[in-house]
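Note that chain A is present in both complexes that follow, paired respectively with chain B and with chain C.
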Partner chain A sequence: MTQRFLSHADLTALVAELVAAKTRVIAPVRAKDDPEQLDYSPIQKLEEATFGTRLPRRSMKEFFLPVTEVLLRYQQTKEGVEIKATPTEAPPIVIFSATPCDASGLDVVDKVMSWDYQDELWFGRRKAATVVSFLCTAMDAVCFCTAVGLGPDSIQGSDVLLVPVEGGYLANVITPKGEALLKGKGKAEVPAGAEASAAAAQGEARKKVEANLPKIPAEFASWLAKNFDHPLWKTISLRCHGCGACASVCPTCHCFDIVDEHDSSTEGARRRNWDSCQTSKFTLHASGHNPRGSQNERFRQRIQHKFSIYPTKFGEILCTGCGRCARTCPGGMDLPTIIGELMTLAKTQPEGSSL
Partner chain B sequence: MKELQDLARKLLSEGTVKVVIGYEEGPRGARAAFITDPEQADPLIFDTRCVQNLAAYLNPRRKQIATLGKPAVVVKGCDARSVAGLIRENQIARDSVVIIAMQCGGVLENPDVAGELTSEAVSTRCGGCDVCEPKLFDHYIKSATAKTPPVNPKRTEQLAALAKMTPTERWNFWSEEFSRCIRCHACREACPMCFCVQCTAEKGTPLWIDAAATPRANRAWQTMRVLHQAGRCVDCLECERACPEHIPLGLLARYVADSVERRFEYKAGDDPSVPAPMGIYRTDDDEELIR
Partner chain C sequence: MNIYQPYLMSIKEITDETVDTRTFRLEFKDPEVAEKFTFNAGQFGEYSVFGEGESTFCIASPSTRKGYIECSFKASGKVTRALRRLSVGDTLGFRGPYGNNFPLDNVMKGHNMLFIAGGIGLAPVRSVIWTCLDQRDQFKDVTIVYGARSVGDLVYKRELEEWGKRSDINLCLSVDPGGETPDWKGKIARIPTAVEESGVKAEDTFAVICGPPIMIKFTLPVLTKLGFPADHIYTTLENRMKCGLGKCGRCNIGPTYVCKDGPVFTAAQIRALPQEF
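What follows is the complex of A and B.
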C-alpha cells in the first residue's frame, strides 16, 4: 500500500477528468425527496457530492447487482429460438466516497459469487469499478462495523481509502486499480504530520463504533449452528413483518430470483431480480408446503446465514455492520441489539439450551 | 401508563388473553412489545412516538403471533379502523381479540425525533382526526393530556397539488415515483390489510404482473395494490414506513381514499358492521354494470 496526498482541487479535477472521459462517477448525493438523507447517485462534478456526513440510505450493491437485470433475451424464429446473452463486460465506473462498510460488502459477496460458479455479470461490473472509500466519521448508535471485524477505516473492498487531513486528503492506495486512478494526481510526498493526524482520526472513529457492540467472537458461528432449535427463535422476531426491507438496503444480501418474462408472444427475457429470504414466498414449494412456515424460521435463517453459515463456508461474516436494517425496519427490529443479546446468551449458555 | 400496565397484567393473569401487543421503549425509541407474562407488563408505554399500527400483527399472515394465543392489542383510534377492517372482511372474529384503545392526541411524523406535536412535527395522518376518542374497543384508556392534534399542512398541500395536475401530469408524476420501486413488496408485507394468501403479484399462470422492476411492471403493481386498497386503507402509513425506496405510498393511498369518500360517501371507519363499497353486492345498486 502506498500513500499520496491530494488537495480538494486535485479531487475536483479528478472527477472532472473522469466525467470527461465518460466514466460513470457515483457518489453520495442529497436525496431529492429528503435533503437530510444521502443516496449513491451519478455526479457530474465533485460539488454535487456530500462527503462523510452520514451513511447513504441504501448500499451501493445495486451498481453491481442491479435490482433487475436481463441475463439473456430470446426470440422465436422460423428456425427455432434465437438467444442473445447479455455482454458480461461493463462500462467503467468509479464509486467516490463510498463508506468502508459498503466497500467491504462487495468483497464479502465476491466469495459466494465465485464459489460454485463464477458470476460473470457480477465480476464484469466488479472489474470495471474502482472504489474510492472515505474514512467514516458519520457513525451513529446503530453502527457496528468493528463488531464484524471491519471498521470505519477498513480497506477491504476499496481500491483507495481517503482520510481527510489538514489541507486535503491522505490517499491510501490499496490496489493496482487505485494506483491507476491516482497516477500523477496530487503528490507522492505526504506532508509532515498528515500520517499521524490520519491515524489519530482513524483511531477515534474506531473507538466510537467499538463502543456500540463488542467484537463477535469466532466461536459465535458454531454456537448459532448448535442452537438452531433454541427456544429463543420463537420470540426473537415477533415484531418482524417479513417485509424484507432490511435485505433491500443491506450491502451483503445478494439473493436473487430468475424468471423468464415475455415481452410479446414471440420474444422475452430471462431476468434476475432481487429476492429476500424474509418473505414467505422465498421457500414456498410448488406443493404448497413451506419449510420456513413463519417469520420465526425466516428470521432465524437471516441470522444463521449471516453469522454462521456464511462465515463457516467462506470465512467471513455476511454483514458489514452498517446498521441500515435497523434504521429502515418498520417493526423496530434492531440487529445490533439482537446480536448483542445472542452473544450474551452464547456466553451464559456456551453449550446452548437444554430444551 | 399504570392503567394500561394494570389492565395488561389483569388480562394476562386472568387468562383472558395470552399476549398483550403494545408499545415499549426499545433501543431506538418506541417499538412493538409482546407481553405474555403478567409480571412483565411494566415496560408498556403509550406516547406520541407510538406511530406503528399494531393491528398489523392481527393479520392472519403473521403466523408467529397467531401461535402465541388470543391477543389483546393496544390501538389508537385510527388503528382500531384496521381491526374493524379485518373483522369486516372476516379475517378475524370480533371475540378473538381484546381491543385496548388509547385516547390519542396525535403522533409524530418522525418518531426518532421526539418533541412537541407542532403542525410541522405531527404525522400527516393525524390532520382532521375524528377517532381520537375511539368507538371500537373492549377497554378504553383515557388521557388527561391528549388534545385534538394540530393539522400538518404537508398532506393537504400534496393532495391539492395532485388534484391540480392534468391526468397526464399525474401519470408522469407517479411514473417517476414508481420508477424507484424495486418490487420488494415490503409495502404489502407491512400492510395490515394485505392478507391475501396469494397476491396477484405472484400469480404465475397466467402471469399478471412481471416480477422484474421494470417501469411497466412497477406501474401495474402499484396501481393494482392501491386499487385493491380503495375503501379499505385507513391511512396508517405502514407501507410508506416500510418502503426502502421512500416512495410516497401514503399519499397515493390517501388520494384514492379521498376519491372513494367523494364518490361513495364512504370512509374506512371503525364500525365493522358497515360494509365497504367494494365489498358488497346489492340488487338495487345504482350502477347497472354491477347490478
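What follows is the complex of A and C.
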C-alpha cells in the first residue's frame, strides 16, 4: 500500500477528467425526494457530491447487482427460439466516497459469486469498477462495523481509501486499480503530520463504533449452528413483517429470483431480480409445501446465513455492520441489538438451551 | 455465454405417464453440445419455457445413453403448466447438469441394489436403474420396489412391464389400499410394508429411495430394521431453486445447499441436517 496527498482541487480535477473521458462517476448525492438523505448517484462534478456527513440510505450494491437485470433476450421464430446473451463486460465506473462498509460488502459477496461457478455478470461489473472509499465519521447508534471485523477505515473492497487531513486528503492506495486511478495525481510526498493526524481521526472513528457492540467472537458461528432449534427463534422475530426491506438496503444480501417477462407474444427477456429470504414465497414449493413456513424460520435463516453459514463456508461474516436494516425496518427489528443479545446468550449458555 | 444462459433443446417425443404427468425426450439443437454433453445419474437441470420461466427437476434418463435426455414433470406450477402446452418439435431451454450424483461407479458397483420409489419419485430413480441395468454385469442382485396411490398414478408403465419380465430384476409393484383395479396383479400395500415384505437383504446392499416425504419418513425405519446402515441408504432431496449454482440463496437447509452439496444425500447426512425441509 502506498500513500499520496491530494488537495480538494486535485480531487475536483480528477472527477472532471473522468467525466470527460466518459467514465461513469458515482458518489453520495442529496436525495431529490428528501434532501436529508443521500443516495449513490451519478455526478458530473465533485461539487454535486456530499462527503462523509451520513451513510447513503441504500448501499451501492445496485451498481454491481442491479435491482433488475436482463440475463438474456429471447425471440420465438419459425425455427424455434433465438437467444441474445447479455454482454458480460461492463463500462468503466468509479465510485467516489463510498463508505468502507459498502466497499467491503463487495468483497464479501465476491466469495459466493465465485464459488465454483463464476458469475460473469457480477465480475464484469467488479472488474470495470474502481472504488474510492472515504473514512467514515458519520456513524450513529446502530452502526457496528467493528463488531464484524471491519471498521470505519476498513480497506477491504476499496481500491483507494481517502482520509481527510489538513489541506486535503491522505490517499491510501490499496490496489493496482487505485494506483492507475491516482497516477500522477496530487503529490507522492505526504505533508509532515498528515499521517499522524489521519491515524488519530481513524482511531477516534473506530472508538465511536466500538462502543456500540463488542466484536463478534469466532465461535459465535458454531454456537448459532448448534442452536438451530433453540427456543429463542420462536419469539425473536415477532416484530418482523416479512417485507424484505432489510435485504434491499443491505450491502451483502445477494439473493435473487429469475423470471421471464415478455414484451410481446414472441419476444421478451429473462431477468434476475433482487429477492429476499424474508418473504413468504421465497422457498414455497409448487406443491404448497414451504420449508420455511413461518416468519420465525425465515428470520432464523437470515441470521444463520449471515453469521454462521457464510462465515463457515467462506470465512467472512455476511454483514458489514452498516446498520441500514435496523434504520429501515418498519417493525423496529434492530440487528445490532439482536446480535448483542445472541452474543450474551452464547456466553451464558455456551452449550445452548437445555429445552 | 454467461452461466444463466440455457442450451436450446427440441422436444422429440412426448409420453403421457399419468393424467397429469408427462415425459419429454429432448435433444440438443447444437450438435456440438449434443456431442460433448455428459451427466451422472442423480443430477438435475433448470428447464425453461421462454416467456414463462425456469423450473428445476432431475434428468430422468440414464447417463449411459447419449444424444438425448428425458425429464418427467407434473403440471403443478407456472412453468410446468407451460411445459405441458408444448408439442413435439417445440424448443425449450436447459441449464445443467448441476449437483452431485448417486455414486454408482465408486461406491455401488459390485454390490446388490435396492431401488425404492413412490409416485413420480421414480423419475430420478429410473435414471439410476437404467444406468445400472445398462451395465447389469457390474452389479449383483437388483430389487425394485415401486408403488403409487393408485394404478393410474404409476409412471413409466411400459418399462415396469419390461422390468417385470426380466429374470435379472426382482420387481415388486404396489398400490395403496383402495388404489387397485380389478385386474391389478401387484401388491396392495403402502411402500414401507412392500419393502418389508420384499424379502430384500441388507447385507452388501445399497438402497436408493425417492418419493413423497411422508413415504421416506416411514420407509427409513423399515430399512433400519432390515439392517441397512444409514450410509448405505441414498436419497435425493428437492427444494425450490432458481439458479442451481449456489448463488440465489433459497435451497439451503441450514449450511447445506441442495443444489451443490446435493441433491443426493445419504440417510446419515440427512439425519445430521437441521429439520427444515
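Here are some notes:
Heads up, the rule we're going with is that the second predicted complex is superposed on the first by the 355 of 355 C-alpha atoms of A that agree within 3 Å, B and C clash if a C-alpha of one lies under 4 Å from a C-alpha of the other, contacts with A are read in each partner's own complex, and residues count from 1 in each chain.
The definition used in the following text is that contacts are C-beta pairs under 8 Å (C-beta built on N, C-alpha and C of every residue); 3 or more make two chains touch, one makes a residue touch a chain.
The model shown is predicted, which means the values in this text are computed figures rather than measured ones.
The superposed arrangement places chain B and chain C next to each other on chain A without a clash.
By the touch criterion defined above, A:K313 reaches chain C but does not reach chain B. Once the two complexes are laid over each other on the shared chain, residue contacts for A:S222 go to neither chain B nor chain C.
Shared-chain residue A:T344: touches no atom of chain B or chain C. In the superposition on chain A, A:V67 makes contact with chain B only, while chain C stays out of contact range.
In the superposed pair of complexes, A:Q295 makes contact with chain B only, with no contact to chain C. Residue contacts after overlaying the shared chain place A:W115 against chain C, while chain B stays out of touching range.
Shared-chain residue A:V259: touches chain B and chain C both. By the touch criterion defined above, A:S237 reaches chain B but does not reach chain C. Touch criterion met: A:T279 reaches chain B, while chain C stays clear of it. For the overlaid pair of complexes, the smallest distance between C-alpha atoms of chain B and those of chain C rounds to 5 Å.
Taken together, the two complexes place residues 257, 259, 262 of chain A in contact with chain B and also with chain C.
Of all the residues in chain C, the ones that touch chain A in their complex are 1-6, 8, 10, 29, 48-54, 76-77, 80, 90-91, 93, 213, 238-240, 242-243, 245-255, 260, 274-277.
Across the interface of their complex, chain B is touched by residues 31, 33-34, 37, 57-58, 67-68, 141-142, 234-235, 237-245, 247-249, 257, 259, 261-262, 269, 271, 273-274, 276, 279-281, 293-296, 326, 328, 330-332, 334, 336-337 of chain A. Contact residues on chain A toward chain C in their complex (touch as defined above): 71-72, 74, 76, 80-81, 83, 85-86, 88, 112-113, 115-121, 225, 228-229, 254-260, 262, 268, 270, 272, 275, 277, 282-287, 289, 291-292, 297, 301, 304-305, 308-309, 312-313.
The touching residues of chain B, counted against chain A in their complex, run 26-32, 34, 52, 56-57, 61-65, 67-68, 182-190, 202, 207, 210-214, 238, 241-246, 248.
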